[in-house]
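Down below is the structure, laid out as structure tokens.
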Amino acid sequence: MGSDTVVSPFILVNFKSYREGAGNNAGQIGSAAESVMQESGITIGVAPQFTELHPFCKHYEIPVYAQHIDPVEGAFTGRVPAFAVRAAGCAGSLINHSERRLSIADIEATVAVAKFHHMESVVCTNNVAVSAAAAAFSPTYIAVEPPELIGSGISVAKADPDIIRNSVETVHRMNPEVKVLCGAGIQSGECVKMVLSLGADGVLLASSVVKAKDPEAVLRDMVSLL
Amino acid sequence: MGSDTVVSPFILVNFKSYREGAGNNAGQIGSAAESVMQESGITIGVAPQFTELHPFCKHYEIPVYAQHIDPVEGAFTGRVPAFAVRAAGCAGSLINHSERRLSIADIEATVAVAKFHHMESVVCTNNVAVSAAAAAFSPTYIAVEPPELIGSGISVAKADPDIIRNSVETVHRMNPEVKVLCGAGIQSGECVKMVLSLGADGVLLASSVVKAKDPEAVLRDMVSLL
Amino acid sequence: MGSDTVVSPFILVNFKSYREGAGNNAGQIGSAAESVMQESGITIGVAPQFTELHPFCKHYEIPVYAQHIDPVEGAFTGRVPAFAVRAAGCAGSLINHSERRLSIADIEATVAVAKFHHMESVVCTNNVAVSAAAAAFSPTYIAVEPPELIGSGISVAKADPDIIRNSVETVHRMNPEVKVLCGAGIQSGECVKMVLSLGADGVLLASSVVKAKDPEAVLRDMVSLL
Amino acid sequence: MGSDTVVSPFILVNFKSYREGAGNNAGQIGSAAESVMQESGITIGVAPQFTELHPFCKHYEIPVYAQHIDPVEGAFTGRVPAFAVRAAGCAGSLINHSERRLSIADIEATVAVAKFHHMESVVCTNNVAVSAAAAAFSPTYIAVEPPELIGSGISVAKADPDIIRNSVETVHRMNPEVKVLCGAGIQSGECVKMVLSLGADGVLLASSVVKAKDPEAVLRDMVSLL
């Protein structure tokens, strides 16, 4: 079973290129994630901007993820080599976020390079069919997010519970080892609870935490019903 | 005059995604650049991998450049926001390297965002015509590199001196404030001297320094005839 | 003088991927353009979908343009080689439309390949600075279109006359041979007249003609005040 | 069974952007394919350049494929709308050729739009894992081609029979309805026979036919051992 019930749910906070996800504010989110994770026992990961990966890995006792990695080494300029992200201390990376789409060949190569470096891979998908395809690469997680709901404030758990249920079912039929996250519009602990009750292993968050006035309060609410 | 003779030449070392440009080796190149810059008075900049920008800006008294920046802020995942690179302490960024090409609209927007953040812009070009076009954006530097010579070991200064001469002349006719770098296959102080004698303001280096057994010796040779 | 007053203004109709720009409807637009061009003496070009280039060049006495060409020949799959577009009988091509952006190096190469094949090049730009840069390539036309007004129904001639005036002035200062078109939101003969009075040599149209119930009536209106 | 033995093998000739795949030469290849198909009973499809799709569909009694389609309609410039390719009379399209890679979301959308228009989809892949993923979209064909052998003159059937065997097995385990083609370096009837004996349903050819002095003789050799 991929969704072994004794494993903690996983909450992953994507800082995107938000101003509020940089500098002092980024540090506050990092501290908040660390506190709430310690108190609740729920795993909270963060995906800050590339320039912050190194200090985040040094300063916070939480798993840190890149927002993207490239399966390259050598004469490639302006890329994000997986080995460098690993060396910075990251636990894993988002791959193929809807705001940073990759070719299918590059997704395969990137999941493989993440495995090679003992990093977790969180492959983002936009619907059930793409989730099924991505499951063929056996990533650690598939994170399904309906693009039209990303940043919308409308929770996927309420607007489209079927995409969660069907993604979980389809992915597990393909490969029961692959865990499923769900994201888009998740605002509250109630949403998180609904997502998990539909079979997912966790959630992918962004603006609701990063742009919050009090990120710690929001994170505490997110885990409050688990 | 853009090529004011009292201004130091500029040597910029692009670490690309080379393994030798990461970890301990990256640190050795940083130290070497710092030493040679202090001894020679020649400005030596470095463009390490994104995850190393933050520690490099803290540890070395040399100007640090990103290999790429994106003119974005907000809901953009896996991008390299200019503001974050600036916050890390970088002096500037490469833009449109032949290994990370941008649309013309994005080059314009990226040079503008660099200016907004008081960062230097080093727009890479592949020939004289593209250098002329890029000069319209008034970047700090235009770095012309014939793609077929990048990483070739054949020096542009010997193989194609006209591209240097004509780029300098064309760029300065368009905008005398824009400085011109030249790169591709530069191996030695003799090459650097030739490039400068053709009117350029500096050089863009990569493998000859980054993959060297003794980067400090190479850098010392590069500045030896200036 | 690039805007020689005895030369006819140029109206170019981009069929995009509109359903209304395909099949029988495409033929009606082609016939309409032919009729209005013959009656008015104003040059009306069309840019239909790739699959329609061949029949359009055979059937209508109007200049036909591709919506995009690639500067390639050889082992490139799914591309639009310039030589094939020329062989189909096209007069020229759009290059770098905001819905099909190219790298600066590819724009340069594409304008050059169009010249090599004696085809006209219509390089699309998004603002004055990018127009200036594109002028360095000496295309036949630069077509400036503020992206936020494309398809908006708000005419660039009313919303942003300065972008037209400044693009014309800047492009002609760079290269007086390059003609300037302007587009985005152009609805009527009055708009066309305003654009030309600001110094442009013509207009780039799309939805206002292609999605019209009576394309011929719209085209007749467009040329009515010239 | 996807590889039903009474169904004809399928030979698909990709004209790429070869000069030899345009103009009179294209016509000769079309005639040759028609003749050999009629004589042999083996289905021979062609994928000419976009501008040739319309005349090819009119003139030759063979199935015609696009080299690429876009799942778009509306305000998209320089794209290849699936509906237009269908209207030209095409039987199907290549999707995600290694020289025209797509995001995984776009592959899914493109296979779906092909089905909607009753067109065949030939999704190209680069290895067994990507073939497995693509099978989740239930295209008509998956065409596996090791990129390093494309255009090499070294036959995949000899250099890497396992990729064929494993792709067939994996794809059929995922979805027995999906047929498997194989390509890269196929030169002769012997190669074709080997590919089919490894379980594939056909081959994807390009330079060996398109750049041949006598395409008809090559095609006749290709089917000679079937």
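Note that the chains take the letters A, B, C and D in the order they are written out, and that residue 1 is the start of every chain.
Here is the rule we go by: contacts are C-beta pairs under 8 Å (C-beta built on N, C-alpha and C of every residue); 3 or more make two chains touch, one makes a residue touch a chain.
Since the structure is predicted, the reported quantities are computational estimates derived from the model, not experimental observations.
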Result of counting contacting C-beta pairs for B-C and C-D, higher pair: C-D
Type of subunit A:subunit B copy interface by residue overlap (half), same or different: same
Distance from subunit C to subunit A - Cα centre to Cα centre, in angstrom: 44
Centroid distance [mean C-alpha coordinates] between subunit C and subunit B, Å: 37
Residue numbers of subunit D (touch at least two other chains): 98
Overall pattern in which the protein chains touch one another (line/ring/star/complete/other): ring
Sites on subunit C touched by subunit D in the complex: 14, 16-19, 22-23, 49-55, 66-68, 70, 72-81, 83-85, 87-88, 94, 97-100, 150-151, 206-207
Residue ranges of subunit C in contact with subunit B within the complex: 96, 98, 101-108, 112, 125-127, 129-130, 132-137, 174
